[in-house]
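Provided herewith is a single structure, encoded as structure tokens, for subsequent inquiry.
For clarity, chains are labelled A, B and C in written order, and residue numbers in each chain start from 1.
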């Protein structure tokens, strides 16, 4: 065996790297006189050089991977959205971003559609309409560029804190409205749960997809399972607002039906199961995870409610706002 | 001076005189959805300077709300009190999200140093001090250099650099200033560099865009949680050392089983809610 | 020093000095992300890459390194490779990265990587250092696969997300506490294999004696 293994055998192993390290330092410290000025300069230069090289390498890796990362994240989001709305590649998806600026308790809200930035006062009056510059209307425009444009426009001298606060997507197929995806978030067991709520044009839920969560595996993390998230499918906006979470076991046949969504498109499924939906008016909580279940249910409720009010505000401009 | 706070699931207490026209024009919003006004169903005068507003929507004491009146230009923010936010951060990072038992960080040092109560305490104290210092320095660097310059990809290198430099500096200084202290805590100082918690704190703070005080509270809470875990574990291990454990379980395996039992009991903190 | 053969170097990392079960180093991710095999695999591969790259770098650069600043430089090298691997994983595996992101970043504080650089790579030529890195990296990967598949199978009744047992046999296995129990049991198993092979248990079992 090499000396290496001998070293690790003879030491308490957790301290191994440090032991070796500090042992060496101690040996050196008393032996060698403090480094001369020349040595110090050399060491400092050497370290600075190494740091600079590393920073350069990382900068290069960053430049190479960042576009790929953004592209992949976007692609993942888009696949999710298409799957939720049951749209194929031919259909179009538009993002609408929302910005907020506050002063003295008064808010101004800006919606950035693919063509316009529309600004509203907090009483719902339109107070501004800006057409996006040519380069931002292209699909290749990044979120960063869009945010910069919107914030600049909304950034009045007396309102220095405009910021991005949320977004939703509109799906269009053959020129017709095919549904909405609203991004929502809610405080889960420990941290925020971010989700997509898919709605038909008449506000019936088509699906819920959890995008990001930090719930415990085996417990709260079950919110991503079909048997939980699909319980929202087929509910109208009115039923959603009255949903309650019950701590009863999920009936096995209902669970089976819920797990079939995905194999059967959501709209067909809703048609088939109207009687079942009436029979199960509530959300069955995940066993052992009532907090996570309630969090998602409340998040869906709130997201639905807020979205309806926002959409009512935007509706008159929607036609011209989308290309 | 107008003050207001959330006092119930549907109730807000307002400490001010509200003239009648203002009362009719009150507007309450959640700061996150400032475009959606909440419905105030009733405004009752409690006494001369106090009003209680009732809302249709449920309110949460941890959220930020804005109350304004268009009639007299009044505007007030309803936020959870500063100190209760800090205390909530500390308790949640020390107990509910204890790094060792629920996030499994710092395990190498945790198992290596928790054999004797004395070393456990030494490590806990040294670590807490260094972690808070490192948390502060990393926050400053991240907030004033990395974020404004968009150098987020250098986070790991920058933070480990700060930790290493801090540990080295502390070691040198303590060695020169107080030899007794150095003999007692020097070895723990060196070990800190390989404790992932010290790196996890600034990384979590950076992801959460925490403010300075919250960052410090997280650093303090997590290192206190770590010290607590070390102390509990060392007490248990001192006892187990005397117990007749099956030969193949002696040493580390049984320590892991013990840690599992602790982790199960820490699960009990997770329903804890504040404010 | 005569260099041990490739087989010895690699087997040492896999079994005799398995970084997780024997040396009890790099435990944090071994417990944290092994709730499913997929997560465990991703982190195992990440650590493998960082370990091999760092060992090789240390071995290549050793003639140019001033002994006074060797450790800071080693830390820098590890941090460099971790950052690079982190960015690449974030770009190409966004779905899994979302779950294990923090732990990938924390590889930088893994004692095992620095300890192999300091104890082996800084004293040995490039090829043995590479093998040593591969052995240790594989040892870690093995630990992650073993723990990950065991916990996923027992806790969720599936492997790589494919259901194998229709019910969840023992939910505890994927809960926070389950990770500790599983590792403790596997460590005991390693000790038991030693016992069967007729080796004497190192005093006190594990390395902590």
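Rule of thumb we're sticking to: a residue touches a chain if its C-beta (ideal position, glycine included) is under 8 Å from a C-beta of that chain, and two chains touch if they have at least 3 such contacts.
What you are looking at is a predicted structure, and each value in this text was computed from that prediction instead of being measured.
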Busiest interface, counted in C-beta pairs: B-C
Label of the chain whose CA centroid is most distant from the centroid of subunit B: C
Interchain centroid distance [CA atoms averaged], subunit A/subunit B, Å: 23
For subunit A paired with subunit C, centre-to-centre distance based on mean C-alpha positions, whole Å: 31
Centroid spacing, where centroids are CA-atom means, of subunit B and subunit C in whole angstrom: 29
Residue list for subunit A, restricted to those that touch at least two other chains: 12, 14, 17-18, 21, 51, 54, 58, 61-62
Multi-chain contact residues (two or more partners), subunit C: 24-25, 72, 76, 79-80, 83, 87, 111, 114, 175-176, 207-209
Set of subunit B residues in contact with two or more other chains: 108, 111-112, 153-154, 157, 161, 193-194
Subunit C residues touching subunit A - in the complex, by the definition given at the top: 1, 3-4, 8, 12, 16-17, 23-25, 35-36, 66-69, 71-73, 76, 79-80, 83-84, 87-88, 90-92, 94-95, 98, 111, 114-115, 118-120, 123, 132, 155-156, 168, 171, 174-176, 207-209
Partner subunit C, residues of subunit A touching it in the complex: 1-5, 7-8, 12-14, 16-18, 20-21, 28, 35, 39, 42-43, 46-47, 50-51, 54, 57-58, 61-62, 65-66, 68-69, 72-73, 76, 212, 216-219
Of subunit B, residues touching subunit C in the complex: 101-108, 111-112, 115, 153-157, 160-161, 164, 193-196, 198-200, 203-204, 246-257, 259-261, 263-264, 266-267
Subunit B to subunit A touching residues, read off their complex: 27, 29, 31-37, 66-68, 70, 73-77, 96-97, 108-109, 111-113, 153-154, 157, 161, 187, 190-191, 193-194, 270-271
Contact set on subunit C toward subunit B in their complex: 24-29, 31-32, 72, 75-76, 79-80, 82-83, 86-87, 102, 105-106, 108-111, 114, 175-181, 183-185, 187-189, 191-192, 195, 201, 204-209
